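Chain nomenclature is as follows: A, B, C and D, assigned in order of appearance, with residue numbering initiated at 1 for each chain independently.
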Amino acid sequence: MTQTYGYLGPAGTFTQMALHRWGLPDSAQERAYPSVDGALKALRDGEIVGAMVPIENSVEGGVSATLDALAHGDPLVVIGEVLVPITFVLAAREGTSLQDVRRVGTHPHAWAQVRRFVAEQLPEAAYVPALSTAAAAQALAEDSDAPFDASVSAPVAATTNGLTILADDIGDIKGAVTRFVLVARPGALPARTGADKTTVVLFQHHDRPGALLELLEQFAVRGINMTRLESRPTGVSMGSYCFSVDFEGHVLDERVGEALVGLKRVCLGVRFLGSYPRADEVETHVPAEISDEAFQSARAWLEDLRGLSG
Amino acid sequence: MTQTYGYLGPAGTFTQMALHRWGLPDSAQERAYPSVDGALKALRDGEIVGAMVPIENSVEGGVSATLDALAHGDPLVVIGEVLVPITFVLAAREGTSLQDVRRVGTHPHAWAQVRRFVAEQLPEAAYVPALSTAAAAQALAEDSDAPFDASVSAPVAATTNGLTILADDIGDIKGAVTRFVLVARPGALPARTGADKTTVVLFQHHDRPGALLELLEQFAVRGINMTRLESRPTGVSMGSYCFSVDFEGHVLDERVGEALVGLKRVCLGVRFLGSYPRADEVETHVPAEISDEAFQSARAWLEDLRGLSG
Amino acid sequence: MTQTYGYLGPAGTFTQMALHRWGLPDSAQERAYPSVDGALKALRDGEIVGAMVPIENSVEGGVSATLDALAHGDPLVVIGEVLVPITFVLAAREGTSLQDVRRVGTHPHAWAQVRRFVAEQLPEAAYVPALSTAAAAQALAEDSDAPFDASVSAPVAATTNGLTILADDIGDIKGAVTRFVLVARPGALPARTGADKTTVVLFQHHDRPGALLELLEQFAVRGINMTRLESRPTGVSMGSYCFSVDFEGHVLDERVGEALVGLKRVCLGVRFLGSYPRADEVETHVPAEISDEAFQSARAWLEDLRGLSG
Amino acid sequence: MTQTYGYLGPAGTFTQMALHRWGLPDSAQERAYPSVDGALKALRDGEIVGAMVPIENSVEGGVSATLDALAHGDPLVVIGEVLVPITFVLAAREGTSLQDVRRVGTHPHAWAQVRRFVAEQLPEAAYVPALSTAAAAQALAEDSDAPFDASVSAPVAATTNGLTILADDIGDIKGAVTRFVLVARPGALPARTGADKTTVVLFQHHDRPGALLELLEQFAVRGINMTRLESRPTGVSMGSYCFSVDFEGHVLDERVGEALVGLKRVCLGVRFLGSYPRADEVETHVPAEISDEAFQSARAWLEDLRGLSG
């Protein structure tokens, strides 16, 4: 049976690029969804076997729609991650020149990343929000009534839509990267590689961030490094947060297992969002005292003590 | 001379409501700006004396544009905060009924907060992004070519634009609140009230979130509670964060001063964004050992020890 | 076969009183040893089944001889504890009056606890060290050449040796208590009572007390209270310490087991010295998040996560 | 006027050796006292200007009499420290051979340090406690009725008393060292050298060692290393402790000052026992963020913030 993978579309988005980088089996198909929510709903409904969605941008930060959609609803898990360098082009229909541009359409995150270019080169241009960078390029190409005369998008979206590139590599920050995750329904865990990450959402018992220190100590006391920490409102009341956390290691590592047990005890809730290989393949440094062997020999010693009655 | 205060416009936004709640002097004027960046630039340029901007929403979380604009550029400080309950209405031109609605215009944050209502009542409706909820209402009223036939906005924006309300209080989460801050150029500190908050941005020395524990201990060891913690990318590289933090107390409090000195020592940078009265007027609980008196008498004791040679 | 219990003798010591308070089986015998080392050697050699020895005094602190003898050599474990109020009498042979006393014999710890009485009532008296308070009383009664003319001891030691009590309850600090422990070779663990203590010796990896914080966090992160902490030199070099620690809970408690595993990982060595019922029978307060149930349900949840492949 | 320094006598003790190592002015005199209490009383009474007393032994641990005498009573401060290698000899009157020895007199601490030698060479010998090692040697030399026929002492005590050395260097642990401190009435602080130590006694507010973690964090958050930690009972009740602590740095160091202010705030009491040069002259490693400059520039920055009104 054909396996279908969803992504945040339309064709030409950075998310589709991430899916291609990940590399699907030859027999697999891909399907574009208009929103992260839509793609994850299709996944939860069993229409697709996986969904590629953006989770974090080196300039704009966490992608709220993804963080929130993973944190609530039927369980989903991350099974892999992809890093994609982000470059933007300003594109228009053939015949439009830079000085003709009056209104620019793009996604708000993209607009935020080209502010300096716009201030210098298009100080008079107005901004028109679009649902995605690729949707802006597509509208410009296909819809003569599109309410803008230029778009900001990935180079591929401009090219595949037959647009002319007016300016290349216009991002304010060179080297910007977006991190995408491949999400699936809970099933087989990805194998341990020694260069793994784990993602969880932590809900605090008490409605005050002071409790955050207690959560962080659960990692620290087992020598575990965090690589991302985002607070997200739970929606219950102002100042009520949950924390979305990535950390080094795999749920099958002893130190990770003990930390998760500790978090489970002290949190109102812990949502496990998967263990998966790091895109950068950097191996986790594991000092002797937090190795699996250290845990196992310490537990054997404890069992000896407890079985003294034997 | 007339004093002018800016806000994230147009007229009818929740931000304007916040400015009115704050209460301007009779002689003051207000001016709408199309973006947070625009309002804060006008403030930095001396065109206005203050700017009201949204900083945190109980459903959607921190407002990135505001957090980033305060964290970088010429120094600005928060001098006050306002909490505004958020309620949304679906509105249209006279004669449009609920079943006629095909396309809905609003700001993305507002759209995210009415998803359930839309899924149940308007499952076929498409979403059209707008620059603000008030701009959507205004466009609907003024522009017969507006690319949507209904808007989601504050009740006041619908009313002042002469629209008909099709559905009232349509937010998915009742009791949603947005927190707005009044920003000014550095000048006189607001007076201590005993119910104060302080806002800072902390830049870590090391490019790893493990250092976060060290930062939090600077608060913990002086008995200071945090009320908000947001990580924000610095834009330098994936995983490089700064932290935007609100905590209880005023920069003139002894315990806050010592914590700031500690943070200044261990961070790459600390940006002070102001001390100001809490909107909820809840007094900070200050146990004896962290009172100003405790610091002052301990320092006097230390001076005695040091001056033993006298 | 008759079971014999040793104690720090001779007859009449506070240690013998502790052994009697503990309550031996009718068939058991008791045997006095001249030193803690001697009693514990006999225990290790299998000559006796248990030894009662002093471990901590509310005035003088830890009993070094006991702490060191338990920390090194073949393993022994504490199986119970007894608290004995300490009261001292000044006693002499019949016919001696208070003003006749020139030289006073007693154990150095006892001498330290009657300094104020001596300073006020016997300012001219010299001190003669003895091996125990009871030995001093016995020598006075039996040895006409004893190098002192009065002794400081427990009332019972004075009485059983036929001495006259010159002054009663002469301790400087009223309410002084000594804690004694019943030591055995490793065997059946005492049953859990909910009011238990556990004793360990912790050897640090690094030759610097900074590492102590790391050790204490192993207790703190599992919500375990310490009731005694003594640093003892390891004898290797100046500043090289081990820590003798009592804490609330039983080795069979989940939280204690996990803390011991953590200590075993981060320490150079951990010596388990037993879990036993508290003499004061005060039940340990166990908040929900550190109960056995919390650990067990968190571990079941972890096993579920790990077995997702099933 | 002649200045007199006291020490724990009699002549020939290790303490006298420490005083000579320290090096007194030519014009100064020395005076032996029979006990630590006696020497410190003379110092408090103004009879002497300084007192050399033992504080810590690498084998036996803290010297309780000294720790307690410094922790209570009129304030005294440590102004210097001396490390003395400890070697023991077995000595007797001329004509006595090793196999003649039946009873050995010495101080209990010394006896504890020669146990292995005694077990192997003098298994039948009885122990007779003496007030000091030197007092045992002296008694053997001067008092034909001395209740022992050999003494354990420093070589110098045997030699100066005309005794014959039966066995040399008989300590169980080679390399044993005792640390002595020169104590004075509060006055001029010793100058900062960059290789300094500070000694304090910390009294906890709450009658539970859990509070210890809070105290240690006051050091940790300012990057200060402890070099000695001893718990001592306060005498009030079982389990009520104070802590005697040595740490790196001088009271005039900024980081030490702030730590002392923090301890003063959270403790029931803090007793300052002096800042003085380390005997081993090892310079304290001071990372940039805890240097005096880091504190001073951070404070200047804070003053700027506070003076924004200016």
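Note that in this section a contact is a pair of C-beta atoms (placed from the backbone, for glycine too) under 8 Å apart; a residue touches a chain by one contact, two chains touch by 3 or more.
Not measured: the values here are computed from a predicted model.
Colleague: Just how far, in Å, is the C-alpha centre of subunit B from the one of subunit A?
Modeller: Centre-to-centre distance between subunit A and subunit B: 25 Å.
Colleague: Taking each chain's centre as the mean of its CA atoms, how far is subunit B from subunit C in angstrom?
Modeller: 59
Colleague: Mind pulling the subunit B residues that touch 2 or more other chains?
Modeller: Answer for subunit B, listing residues that touch two or more other chains: 217, 220.
Colleague: Is the chain-to-chain touch network here best called a line, a ring, a star, complete, or other?
Modeller: Chain contacts: single closed ring, each chain with exactly two partners.
Colleague: Any two chains that touch count here, so list every such pair.
Modeller: Pairs of chains that touch one another: A-B, A-C, B-D, C-D.
Colleague: Can you tell me which positions in subunit A touch subunit B when the two form their complex?
Modeller: 37, 56-62, 64-65, 83, 108, 112, 115, 127, 129-131, 147, 173, 175-177, 179, 208-210, 212-213, 216-217, 220, 225-233, 235-241
Colleague: Please give the residue numbers of subunit C that touch subunit A in the complex, ascending.
Modeller: By the definition above, subunit C touches subunit A via 77, 186-189, 217-218, 220-221, 251-252, 257-258, 260-262, 264-266, 272, 289-290, 294-295, 297-299, 301-302, 305-306, 308-309.
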